[in-house]
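Listed below are the structures to be examined.
The same subunit A turns up in both complexes below, where it pairs with subunit B and then with subunit C.
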Partner chain A sequence: MLTALILADSRFPGGGHVHSGGLEEAAARGLVVDEPSLESFLHGRLLTAGLLAAGFAAAAARGEDLAELDAELDARTPSPAQREASRAQGRGMLRAARRAWPSERLSALPRDPHQPLVIGVLVGDAFEAALTCAYLSVSGPASAAVRLLGLDPFGVNAIVASLDVEEVAARACKELPALGSPALDLLAEAHVRREGVRLFGS
Partner chain B sequence: MKASARLVVALDSHGNSVVRVLRSQSPLTLVPARRVGAVALVHLVSSVTSPLGGDSLELTVEVGPGASLDLRGVAATLMLPGPTGLPSFSSVRFSVEGTVRYLPEPTVVTRRADHTAVVEAELDSHAELSLREVLVLGRAGEPGGVLSTLVRATRCGRPLLHQQLVVGSPAVDRSSAGLAGKRVVGTSLMLDAVPRASGGGEWWNVVPLAAGGTLATALGDDVVTVTRVLDAI
Partner chain C sequence: MFDVKGCVSLGANHGPDPHDHHHGSAPRIGIGGPVGSGKTALTAALCRALGSQLELAVVTNDIYTTEDADFLRRAGVLDPSRIEAVQTGCCPHTAIRDDITANLDAVERLEHRFSGLDLVIIESGGDNLTAVFSRGLVDRQIFVVDVAGGDKVPRKGGPGVTTADLLVINKIDLAPYVGADMDVMISDAHRMRGSLPVIAQSLVETPEAPEVAKWVLEQL
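Presenting the complex of A and B:
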């Protein structure tokens, strides 16, 4: 449980703070401008990308073959920008984890692993790993919204607290999800193409 | 209604792609074009109003080494609820050692329809598959029903694309992290060795898949806009 708490903490030095999960692009287009539109974004993200990531974290925690999971997650992530964001965050998390929790199983991870696999291996319990992953799928974009749009941190926190993160984590433990989000894919790719100043890596 | 159909296309000794097995079962009616050539053309005609709630339709397609098949729809598929309130199901399974182009017409998910559509394709090392899918949420002015689509493509057992799309949950359909309120979703999957330029616009893009192949995705408010984007790729 402590490992899950540390990984979900925004102060964990895994580099997660530089990713907005598509929120920066959505904000730049005026799709997310206030608390209601942020809530809609986070709800959609949790039920698509969040469920997908949580399912893979749970499977990795159950001890399933990591190379196979890595290939299956690639097949479920058509956007190269999203694959790179997931692997960049996996890499960052792994770097910090090697110091904090050295273990044999970490070396079984593929090179530049997807973040959900790292979370699964580190947390070890399927539900806790899914919960950590599902929470991170919305907490990063939520804090990005505070920074980018100047939204009220108390209001944003209340939105995050109201989301059904536990239910999504429970669903993610049942089977390997494959739910895609066409809009998130398009936002992620457009973010990479966007010229000018970007505060976030995704 | 339960129906299954099967289509087998192989290369003959003259280099023509010929239909070896053609087993239709209404509403899955397969109509081969009367022409002989390198590419076999077969139309998939829905010969009874289908799918309705409760229907289960299965089509199996095999294309042998060197053979080439164009499988096309003739009219948009209207997914309707049935009298029983049961969900409907359809699947198309491809086993490809040659080349397949599958171009069904748009699928319209009408209000109260509840349909699951599965497309599975297993390719051998040199096989090529292109597949276009255009989904429309509801007829004009009508909210859409519930549709779950799953596409899984593998090459020699290795996954290339595995994507599920569920429409009909208003909160996700409206979300800018879901369908962003768009009524039409189009995808064009091209599994071949042809290099294509990545790129995109506001609501469309073309991207390389991790294990080979290209996927184009477009969201829009009408079929014409989405089809035009996919045609241009």
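Presenting the complex of A and C:
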């Protein structure tokens, strides 16, 4: 449980703070401008990208083949920019984890692994891993919204607290989902091609 | 005489202190300081001064786009493939101190591209007087302030002014125009820093920052 808490903490030094999960592009396009539009964005992200990632974290925690899971998650992530963002965060988390929780199983991860796999291996319990992953899928973009849009941090925190992260984590433990989120795919691809101001890595 | 190829024992003469070069790769020097103090100009000057004698690479952390990287590329002081820009998620101090992942990734990309680097310069985005580099990211750090920011900056202190391995006071040619008292500024800086070095310079008068370049070479 402590490992899950540390990984979910925004102060964990795994590189998560430079990723907005599409929020920067959504804000730049005026799609997220205030608390209601942020809530809608986070709700959609949790039920698509969040559920998908949480499913893979749970599967990795159950001890399933990591190379196979990595390839399966690639296949479910059509946007190259999103694949790179997931692998960048996996690489960062792995770098920090090797120091904090060295183990044989970490060595079994592929090079530059997708982040949900790293979470699954580190947390070890399927539900806790899924919960951590699902929470991170919304907490990062929520923090980015505070930084980019100057939204009230209490309001944003209340939105995150109101999302049904536990329900999503429970669903994620049942099977490997294959959800699409075309809007997030498009935002990620537009973001990586953006000329001019770009404050986040994704 | 300045050929330091193969010499990567940064900090070897300094005993087991936090400066120890522990990451087993090219030595790294961080350049931090407030917005507009001349960090990028200093980085460009060091590239001009040292680029022909050292295997050099640069990571920039400008908060907006790749402004600093573009500046360095346009200045033609370094092969563009030796420059990496990182996004800092609106938090330049976090990226150099609390969570150095994005910067370490950039350093690793450069080291993968160029084996045998002698020095990696990591330039922070402009930040405030409390922003310092993590010792997990750099072996030495330079904090840059400028006279146009006001001659009271050194006595305000903060970790950047008081603890950086070198304090550079930039743009001293502007002192008469902004009413800055250089004597006060330099004596305040020494008072705040004890025995740590202070260099006052003008890149207009000395475009290759010779004193800072000499200090950098002494660290290798």
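We take it that the second predicted complex is superposed on the first by the 202 of 202 C-alpha atoms of A that agree within 3 Å, B and C clash if a C-alpha of one lies under 4 Å from a C-alpha of the other, contacts with A are read in each partner's own complex, and residues count from 1 in each chain.
Methods note: a contact is a pair of C-beta atoms (placed from the backbone, for glycine too) under 8 Å apart; a residue touches a chain by one contact, two chains touch by 3 or more.
Everything quoted here is computed from the prediction, not taken from an experiment.
Q: Give one word, clash or fit, describing how subunit B and subunit C relate on subunit A after superposing.
A: Aligned on subunit A, subunit B and subunit C fit with no clash.
Q: Between subunit B (first) and subunit C (second), which, if any, makes contact with A:L184: first, second, both or neither?
A: A:L184 contacts subunit B only, not subunit C.
Q: Looking at the overlay, does A:P110 come into contact with subunit B only (first), subunit C only (second), both, or neither?
A: Touch partners of A:P110: none, neither subunit B nor subunit C.
Q: Angle subunit B-subunit A-subunit C between C-alpha centres, in steps of 10 degrees?
A: Placing subunit A at the corner, the angle measures out to 130 degrees.
Q: Does subunit A have more residues touched by subunit B or by subunit C?
A: B
Q: Applying the document's definition of touch, where does A:T48 land relative to subunit B and subunit C: first, second, both, or neither?
A: After superposing on A, A:T48 lies in contact with subunit B but is clear of subunit C.
Q: On the A-aligned overlay, A:G155 touches which partner chain: subunit B = first, subunit C = second, or both, or neither?
A: neither
Q: Have a look at where A:G124 lands relative to subunit B and subunit C in the superposition and call it first, second, both or neither.
A: After superposing on A, A:G124 lies clear of both subunit B and subunit C.
Q: Taking the superposition as given, does A:R91 touch the first partner, subunit B, the second, subunit C, both, or neither?
A: Only subunit C is touched by A:R91; subunit B is not.
Q: I want to verify one number: the closest Cα approach of subunit B to subunit C after the superposition, in Å.
A: The answer for the closest subunit B-subunit C C-alpha pair is 20 Å.
Q: Intersection of subunit A residues contacting subunit B with those contacting subunit C?
A: Correct list for subunit A: none, the interfaces share no residue.
Q: So in the complex, the part of subunit A that touches subunit B is made up of which residues?
A: Interface residues on subunit A, with respect to subunit B: 22, 26, 29, 31-32, 37, 40-45, 47-49, 71-72, 74-80, 83, 177-187, 189-190, 193.
Q: Write out the stretch or stretches of subunit C touching subunit A in their complex.
A: 63-65, 86-91, 94-95, 98-102, 104-105
Q: So in the complex, which bits of subunit A are touching subunit C?
A: On the subunit A side, the touching residues are 11-20, 88, 91-92, 95-96, 144, 147-148, 196-201.
Q: Once bound in the complex, which stretches of subunit B touch subunit A?
A: 150, 152, 158-166, 169, 171-172, 174-180, 182, 185, 187, 198-200, 202-205, 207-211, 215, 217, 219
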